[in-house]
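In the two complexes that follow, chain A is the common piece, with chain B as its partner first and chain C second.
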Partner chain A sequence: MSDTARSPDRTCPLPLPHHDRIVLGHGSGGRLTADLVDRLFKPRLENPVLREGDDAAVVPAGALAESGEVALSTDAHIVRPLFFPGGDIGRLSICGTVNDLAMVGARPAWIAAAFIIEEGFATEDLDRIVRSAAAAAREAGVTVIAGDTKVAERGAVDGLFITTTGVGLVPTGRRSARANRVEPGDAVLVSGPLGDHGIAVLAARGDLALQTTIESDTAPLNGLVEALYASGAAVHALRDPTRGGAAAALNELAGASGVCVVIEEERVPVRREVAAACEILGFDPLHVANEGRLLAFVPEADVDRTLAAFHAQPYGAAACRIGRVEATPAGRVLLETGIGGTRIVDMPSGELLPRIC
Partner chain B sequence: MSDTARSPDRTCPLPLPHHDRIVLGHGSGGRLTADLVDRLFKPRLENPVLREGDDAAVVPAGALAESGEVALSTDAHIVRPLFFPGGDIGRLSICGTVNDLAMVGARPAWIAAAFIIEEGFATEDLDRIVRSAAAAAREAGVTVIAGDTKVAERGAVDGLFITTTGVGLVPTGRRSARANRVEPGDAVLVSGPLGDHGIAVLAARGDLALQTTIESDTAPLNGLVEALYASGAAVHALRDPTRGGAAAALNELAGASGVCVVIEEERVPVRREVAAACEILGFDPLHVANEGRLLAFVPEADVDRTLAAFHAQPYGAAACRIGRVEATPAGRVLLETGIGGTRIVDMPSGELLPRIC
Partner chain C sequence: MKHLTEYRDGALVRRVLDDITRESTRPAVLMEVCGGQTHSFVRSGLDRMLPETITLVHGPGCPVCVTPLEVVDRALALARRPEVIFTSFGDMLRVPGTDGDLFSVRAAGGDVRVVYSPLDAVTIAAENPDREVVFFAIGFETTAPANAMSVAEAKRQGLPNYSVLVSHACVPGAMRAILGDSHNRVQAFLAAGHVCAVMGYHEYPPIAREFEVPIVVTGFEPVDLAHGVLTAVRQLESGRAEVENAYGRVVSEVGNVEAQVLINEVFELGDRVWRGIGMIPASGLHLRDAYRDFDACARFDVGAVHSEESARCIAGEILQGRRKPTDCAAFGTECTPENPLGATMVSSEGACAAYYRYERGPVCAGRVP
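Right after this comes the complex of A and B.
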């Protein structure tokens, strides 16, 4: 990439004019791999570190000097379809890892992205996906400094998988948010309506008679988390309810912290269309995946400042309080229903929606 | 994992007795996922950080205080077959990332591993693979602190893919080894015979009439790199010749550094069996992948101490010098043949051996 003549303009619609389909040679480590990396990946994900071409990306450790902890998270993305209303696998792969880092209170810094591509995949689709990932990275303020591209024979992989791994830094003096730090007396808040992502992806598959205008919520949540810490609230735990939905996330936290989480059903925000789709399909919205929502656990006294911080952020405008934490029964999640009853919210036991994230 | 009753003994042959095959629910993020992680992954990869169960692994930044640079590398492993003489995808996935970090002079510290598993995959095979990865990590002195498990429907992925991402630390005062730091006057050394991995994997496929006792060289090379730095040699560049073989690695370095690499054919170590297999199949051993060899570029004056350091290490016993670096023609790799001729060693242009790493 030192040869600028080889860097096509960002708006170039077909960066590899001689290969409109990915071939096995693009994963060979030879000339075609170098071509794909130089002409498609590097111009889209433009940054000085990625440009160097070593086996590993190397960055100065200076940024780490002011960090108390380092966070590392990895996520394989196998969603189908690759493009869905409100997002695509590129945006999802960046947001998923950014959010996992943010959920421990870390500031996402660097991302590594590994692509496994099926022979015959349309180069133009790959380009759209990489552009979308690059845009999400810019929005989140992270840089993709390392990558890998492998190509598998036709039939050995369904289109494209992306595994993203992120490194984040918890600033010195910040207490990281952890699954086992939920306390009795905490309030439970959610940053927006639940279930949008799962229903949007399912509808996009077109194999169910489900017509909806719902869009995935896929979004980077690190801005929301920074605003929360800046508000001065004592952040005990954060979790983005992805696979397994809010039910899985809440059960994990209740179990790790040895507390009881009580959710008030009437306060749980679910869009009318999502609720209707869940009704038709027999799903519990608490089991449906989200990719741009977070659950926050803060002391009761910090609820107002938390909501104020969330409401001032684009991805937190609809944030609300949905429940509280009690001491017992430890490890349980309870739902107080509208008619005054209480039921146990269990960990989802099977596969509700395969390949939703 | 705080409940020790749920931690099966390391020698437990079938950690998931009720599921001898992986089902979609193992990737749901619900109860079955937790079960697989708690009963298979965590006991094998045992370490305190992995045990915590947050969205991201969190480690104290203290270790970073004495580092000048941080290295990050990612690699998707799609090798077929999954088990081959001398290794398997588990060992390969750890060694591949350990080596990429070591090749810039970093000490590998933390690994994140993301598994994409086909529905119906044998749990016992997954267990063998995770055990093998764990053993390789112990050998290399790295800890797997973060992971992810996704399950795709039957036919959507060929068995199992593992993407590993590693974080390494370059000690303060150490000059990292880089592709663009090769200099005219450098000697070119290799740590052992070339081509073992590619030929071993190819033979294991059984679809060629190729009978051989060759084993893959898959090995962690960070010990070799530490010994090299400890010898006092000025390390200019290191590269492990994986996909595309030594030909691709040498061309990348020659291009990045703007130098000419001259290899003496008679000095290039290739086992007789590998040479014979290449002869039969029409392969150039310089194009065949290795997973436990490195190329080192050091000043001529440091050759003796480099070889002494390598020879004292288990994976460097057969190290030798194979060439030199000249100023021109810049960006070229030349091979001096036994009969006094010279030919250009080009970057491999197509796919020689799909899914060899």
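Right after this comes the complex of A and C.
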């Protein structure tokens, strides 16, 4: 067990692989691949299972047997630019899968990650990304126990793609949170301001001449979910509003549960800078992506304890209630506007496109 | 944002709505000219808060919607050429031509790029001297100055590889066409505030007089829109037909003279085809002879373009205020933003898209039975 106590930061005195750029040979399965895995990936993601070096990660079945349910999720990560204010593709790839597992009420346990790297990619950038992924995994308390590396010819990949697959365990006795368990009478809560990630990434692309101080919210939310369950609240459904924003997430849940979700526009938290960027571009903040926020559906009676639990957590300090659930019209998301009108909140259609004028 | 939130003040909107309800005694059909106003009405729910006496119909002021299908087809043909970098405002990429849209051209290997300003397209031309850069110069008087500036700038820099596919529309001609039509129902206009910010509103008094309709220059926020409606209702109730400015914080009578000079330097007024409506005299901008070299249609032979509109789309009637999106049998069934029959379902300013996004079906929540 002493191995697990070794900090990854102290286990990487090894210099980086000799090449300062990734070459096709790094994906050939030969010596260069072994060099990259041994010198870069393993020291950063250090854990006993990964170190075994088998074709498949082997973990004791005990943890599985002791759980009520097992959750499995997979996610492919493509983001441009790879580094953006508040995060990078490494952190994003771990948080994305951790959060998907946490959103059903599972405790994320293990992650497998595949890196598809473009020929010519800077080894130093890869190192930064793997370190960032490792830091996110440590923060979330998950271990990366399996991995794969492929190198694609220049132009076949936009820098780096990462896919992550995770396994999470729902503790015995815990009722998992599910898309179809939203009930009329539930309250809708959000863990923080919406739209930070989407606007931060858009601004970081640089082709908007949009200068903002907005940082992506990319963060692991399993701590928030554990705090929520610990509060004793009856958790009906959770969802992290990533691509498609809160609008897509709310529509999916309204559809799956056959209920009507009513959001009060004035309660929806949006940072001033994000709201301003959305005004300029013609975006609806409800359509903009988040990577470190969750929507929670709990019975009205549990709102106070839910908010208290969220507010005690670093990623839930600005949590608030934004709406309620009613019976009809089933499958709809409605917005009560700031001036007292009502409209539907639709799924975003295709890519968000800035308007003409 | 401060200057926006003030004009989204719910209490103030309700006060103006109360005035409208009290003062509006007879049925009135109002047309908001600009698609941005349509979306703001529907998005805030203000359209459904107006008294029943008032019917809003939605005008032709959506640049994407009125761009003729032939022009979209020409854009697709240009974008497919291997030597061309086709640049466009993002909104145009989803607009269906006869055979696909710019997104599908991009997916098939065409170099189609979204720009946020026409000057970005000029920069791309300067950086890619071995490629031909075409910019899709569409829009109303609002985008005309920037589009004109891009052509003037390309000329100044002597860029031989920059050209524009022009489809510019002007509002006053369209207002005349709508009012002059035998099926017209519009009794008052809420004129497009942003167009007037550029052009002023000195072109409108002759229209108001000739057709005896009130024309109220109106902004885009709920308070602005409600104020515009109230101003129009007051004119109708008292039998007046004048031009009034209800968007004084942005619009002056003469408008932005510098921008007008730039437009006139590069473009000249001429007849124009509006998608769904047809030819309207003196309602479009075309490149002047001195800038003809920058005309993409003259530079490239795109061959004969065969365009075919969907027979089931009633966008033309919607754009003239004769029918509403929900009057269309295809609305929300055959025609959706994912599979649009016409441009009004695509554009972020299109009336059909506004109805689809914000008020399709029941919008009244019910408690647990």
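Throughout what follows, the second predicted complex is superposed on the first by the 336 of 357 C-alpha atoms of A that agree within 3 Å, B and C clash if a C-alpha of one lies under 4 Å from a C-alpha of the other, contacts with A are read in each partner's own complex, and residues count from 1 in each chain.
In the analysis below, a residue touches a chain if its C-beta (ideal position, glycine included) is under 8 Å from a C-beta of that chain, and two chains touch if they have at least 3 such contacts.
Given the structure is predicted, the values throughout are model-derived calculations rather than measurements.
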item: Contacts of A:D304 with chain B and chain C, given as first, second, both or neither; value: neither
item: Larger contact residue set on chain A - chain B or chain C; value: B
item: Which of chain B and chain C A:T342 touches, first, second, both or neither; value: second
item: Partner chain in contact with A:R239 - chain B first, chain C second, else both or neither; value: first
item: Chain B versus chain C as contact partner of A:V262, first or second or both or neither; value: second
item: Partner chain(s) touched by A:L101 [first = chain B, second = chain C, both, neither]; value: first
item: Which of chain B and chain C A:T328 touches, first, second, both or neither; value: second
item: Footprint overlap on chain A, where chain B in one structure and chain C in the other make contact; value: 349-350, 354-355
item: Touch list for chain B against partner chain A, complex; value: 23-25, 27-34, 52-61, 64-65, 67-78, 99-101, 103-104, 106, 110, 112-116, 145-148, 150-153, 155-158, 161, 163, 165-170, 176, 178-180, 239-240, 242-244, 248, 252, 256, 289, 347-352, 354-355
item: Partner chain A, residues of chain C touching it in the complex; value: 1, 4, 8-10, 13-14, 36, 42-46, 48-49, 63-64, 89-94, 103, 114, 116-117, 120, 138-140, 142-143, 194, 222, 337-338, 348-349, 356-369
item: Complex contacts: residues of chain A adjacent to chain C; value: 184-185, 207-209, 260, 262, 272, 275-276, 279, 282, 326-329, 332, 334, 337-344, 346, 349-350, 353-357
